[in-house]
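Presented below is the structure to which this report refers.
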Amino acid sequence: MLVVMRNDATEEQVQAVIREIEKMGLRGVPMPGAIRTAVCVLGNKGPVDAALFLALEGVKEAIPVTRPYKLVSRETHQESTVITVGDVKIGGGEPVIMAGPCAVESEEQALTIARFVKKCGASIFRGGAFKPRTSPYSFQGIGEKGLKILEKVRQETGLYVVTEATDTENLAAVEKHTDIIQIGARNMQNYSLLRLAGRAKKPILLKRGMAATIEEWLMAAEYIMSEGNPRVILCERGIRTFADTTRNTLDLSAIPSIKEASHLPIIIDPSHAAGRRDYVIPLSRGAIAVGADGLLVEVHNDPTHALSDGMQSLYPQQFEQLMKEIERLKQFL
Amino acid sequence: MLVVMRNDATEEQVQAVIREIEKMGLRGVPMPGAIRTAVCVLGNKGPVDAALFLALEGVKEAIPVTRPYKLVSRETHQESTVITVGDVKIGGGEPVIMAGPCAVESEEQALTIARFVKKCGASIFRGGAFKPRTSPYSFQGIGEKGLKILEKVRQETGLYVVTEATDTENLAAVEKHTDIIQIGARNMQNYSLLRLAGRAKKPILLKRGMAATIEEWLMAAEYIMSEGNPRVILCERGIRTFADTTRNTLDLSAIPSIKEASHLPIIIDPSHAAGRRDYVIPLSRGAIAVGADGLLVEVHNDPTHALSDGMQSLYPQQFEQLMKEIERLKQFL
Amino acid sequence: MLVVMRNDATEEQVQAVIREIEKMGLRGVPMPGAIRTAVCVLGNKGPVDAALFLALEGVKEAIPVTRPYKLVSRETHQESTVITVGDVKIGGGEPVIMAGPCAVESEEQALTIARFVKKCGASIFRGGAFKPRTSPYSFQGIGEKGLKILEKVRQETGLYVVTEATDTENLAAVEKHTDIIQIGARNMQNYSLLRLAGRAKKPILLKRGMAATIEEWLMAAEYIMSEGNPRVILCERGIRTFADTTRNTLDLSAIPSIKEASHLPIIIDPSHAAGRRDYVIPLSRGAIAVGADGLLVEVHNDPTHALSDGMQSLYPQQFEQLMKEIERLKQFL
Amino acid sequence: MLVVMRNDATEEQVQAVIREIEKMGLRGVPMPGAIRTAVCVLGNKGPVDAALFLALEGVKEAIPVTRPYKLVSRETHQESTVITVGDVKIGGGEPVIMAGPCAVESEEQALTIARFVKKCGASIFRGGAFKPRTSPYSFQGIGEKGLKILEKVRQETGLYVVTEATDTENLAAVEKHTDIIQIGARNMQNYSLLRLAGRAKKPILLKRGMAATIEEWLMAAEYIMSEGNPRVILCERGIRTFADTTRNTLDLSAIPSIKEASHLPIIIDPSHAAGRRDYVIPLSRGAIAVGADGLLVEVHNDPTHALSDGMQSLYPQQFEQLMKEIERLKQFL
């Protein structure tokens, strides 16, 4: 249930609606919009009686919400959400490029790549400090040391930084040292981690699970929002199918699906989807043309010696080429 | 095995190579290129001895072919193939738009839509005369009468026409009355139909099967080419996955996969992939930006009363919008 | 709509119902059951008025059918169908074993294997004469010669024989020389072939398409039944998924799904599903325990020299072992 | 690399091998077997020189391990592992039945069901205290209170109990109060949780992720074993596919795949795979016949009023029927 207030409703009237909801043993979350406020009713198992609210002052209408998710839904929040990180706006019409190596390997490596992607026009630096790895024997990232390198990257280059929090233990450190907290595909349904991310003060970049439906993905975002963090960026990174010329199948139809169902921004990670650097440029062009709010791209100064996932990292000259193509494509939008 | 001739090799030298191949109980198919000819060895089960050919006059090299497909492979034919239908070039750099209703319903309906898509800039008219339907009780198309209507569409509008041949019985009629013969996704491994298509004199538009890998799809094209018809246009139309906000999952990474493995052109059908008209425009933009050689799009003058698949047919004003966007996007490419 | 007649309804009353249906421009197909007859209404696009039929003599009730398939549906035919081939009953409680090589290679090979599987307890011999192959350059079967060998197998061993008809051209010959006509997975939606199979006088073994839902598969069976052939045996042979230790993923839950939705018998092909001979025995046990009406198993006297799919063919001693295990398992059922 | 010791090798000789491995900067983990010990070399990135070890006393051979997993591999441990919980042996030839409600709702509910499943022959009680739920607004389990109820179930009935640890916070409590710690499908790649499970002193029941390959699943088990906990029970619970008559597709071929690749026991959860109670009995029969080491089955005294997943819980009489069928089927094995 969504209780939509009149344009001229007072804060006191909004609070009265919330008190009424709480009397029913439920929660009322105000969702302020550009021209009016709506109050979202959470915690009900079945339908809630609209008449109760319509009788209150300042209430315009009470709309039953038909989807299982509420806070992330475009039904409850019609305008697209723009997430601001410093002077970067994600979801604001201009695609945002997040680029960097799969893993932070050293200060020198990170700074070299960061300066390069900055020069090419990227606004956010990506790099893993904690790496979730299929094998316990694989390189697991350099941990906290990597976070400090990311902080240095921000100081030296002015790029904002995003990195993955792989568990409830390292999320606080990731929040402290970086600008955007990534939740990886394997953790999309790690509800303890989602809840903690929901109490963080930084935006969350939530990757789609390899076998997650659009609804399950939005429910994961709902976990974050229901804890109080409204700043969620969705990231499609390929789904698991029978197709075998790419590591995963990039599902670009997720963009219109998300735009229809939710007000949250969505970006695309072509590097993990394809698993092959040669497909990253064409798929990036496709993502932007379909309407993605940004890209998350892997680039490395020396892919053949990368400690992690070199196969899918762009060579510097390829990244430069990508940025030129995106720049031209932006004029089309 | 691919026997590559020298630039200055004579026709007689090419024939000598073919005779040598035939002596081994195999087939030799000449593949003329812009600067040199190669001869493809077909029918061998294991490796063929290169030395035999290197000794012949005019032979530059003999390359073992590592893929199971040969004639469709870029290994055997490096330049991209351009398929010409009248003055329309498919694969020639400019995306080709094929548009029309799911099914030809009447002369008036077909002509109304054809005139409209022509005005908007489409160059090929699509419309089903024979419809492959999941249910024996569904509308199966108007058959031969539809083919005659398609012929009239060409005469009246100058648009070339493409329609599906659903079996070995109606392929000859489709070939006679139309310009491009479509083989549908359900028939991608109907080998008798593929063989017959390989003996036709018109280009074949070969849709990808719902669960076909890139290799299986190219093998289906190989069936057509191995019978002598070199004019095959591949068409991606969505693969079957667990994702449930679209009818199928459009696999745009098929474009770089095909471009890498084959010299054949590839177009995209966003209508059947999405199954929802509202996703057709963004997915079409994505397809063109990734590098598709064209689009196959459903449009109907009155989708709500369409006899077939109205849900995915664009309204005329949507098609007009699509064509404007493609026109602008082409300037970027 | 299903018009259910009273137990004591006369043939004349049934005919009167059919005439009434025909007056509405629809088709009425009588479905005689053990204790009463029902008349299935085909061809309607929307609901049909039940009142019209309830007024007729001998009519017990008129039930709206909610599934898109009708003749194959358990709603229209509650008792499980038993398909009789000579003295073999498929669907009659006792699992039927169909075994033999992937391809008929020679009279000697076929007879050797046939005598062996007969001795072990199989009742039907399988072997491909026409082979649908992904590659145009692969062994395509020995064709009509193979059909004659199959006929000889029946004469010499008393086994009934099943083989695949791969197109509308060879279906008549398959019907003439063999006892059961197989439609392969790749042809599950080859509607011309299904229609022709529907006019054949022999039972049809219909394999599930690699990406077919249960409903699509039953609709394919409906094509056959709607042409007048009520003898359809369904065969699950693995579906295409991301799993990679088997060629396809055997979906044994298809057995309860089919038993719930349809009255037709269902058998399992573990050989093509697994693609590896070592999995065939455990998966066969599983299939029988879940409730399959039979098995279609590949066995070869010399798998390492088989012309086709040797990797998945059982060695003779493995087949003997399988038959012993099935024999013991039958006592459990 | 696996360093296999001679039958008569002394403990001192084993320690000498481990010291040699540590000198190389790697880890050596002794794997005692029935007749000899092997030492597994962990941490190497490339091949390790066998000659180094063959020169040591007591060493029989040094075998390169070709799979990415080691401790879970049958290559390193040929005998099947039997996991003992009290007097229950999992993997010991006799299938073990674990049964109970989806969620522990109250002491009365749990005890009622536990007494019933005990009477029918189950040896382990299952019931969720912490429930991982797709929606933040769904019933999340009764938490620690549920663990205490499970402890009471054990005291009153003598059944051992298994329940899910959903995060690193509640794993210690689950370990304290119960006998087997379940890691759910959504957490199969939650590496922090896996590592913590690897340091627990109780067996781990590790469910397969919805889109996990056999190799990824075994790598998750390897995480647990590499931390020192050798007692891992694998549990197949359906994979995500396009099939739509069940919630997931039960992959019974996972049983031979696991048995071939690993020495760990594997059980089957037909309830979550099918998502429908009516399919649980046939699929359970199939699982046992294929060779599963046990079943994890949901049963509820009042499914229609269950707080969680009532749709897939067996009615008591159905569970009784299941146990009778399994009892008979065991005689076949």
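For clarity, chains are labelled A, B, C and D in written order, and residue numbers in each chain start from 1.
In this text, a contact is a pair of C-beta atoms (placed from the backbone, for glycine too) under 8 Å apart; a residue touches a chain by one contact, two chains touch by 3 or more.
Just so it is clear, the model here is predicted, and its values are computed rather than measured.
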Most remote chain, CA-based centroid, reference being chain D: B
Contact-richer chain pair [A-C vs A-D]: A-D
Chain C and chain D: spacing of chain centres that average the CA atoms, whole Å: 38
Distance from chain C to chain A - Cα centre to Cα centre, in angstrom: 49
Centre-of-Cα separation between chain D and chain A, whole angstrom: 34
Residues of chain C whose C-beta touches two or more other chains: 211, 240-242
Residue numbers on chain C that touch chain B, as the complex places them: 42-43, 68-69, 132-137, 166-169, 186-187, 189-193, 209-211, 216, 219, 222-223, 226, 240
Chain D to chain B touching residues, read off their complex: 240-242
Parts of chain C lying in touch with chain D, wherever the complex brings them together: 211, 213-214, 239, 241-246, 249-257, 260-261, 273-274, 278-279, 282-283, 285-291, 328-329, 331-332
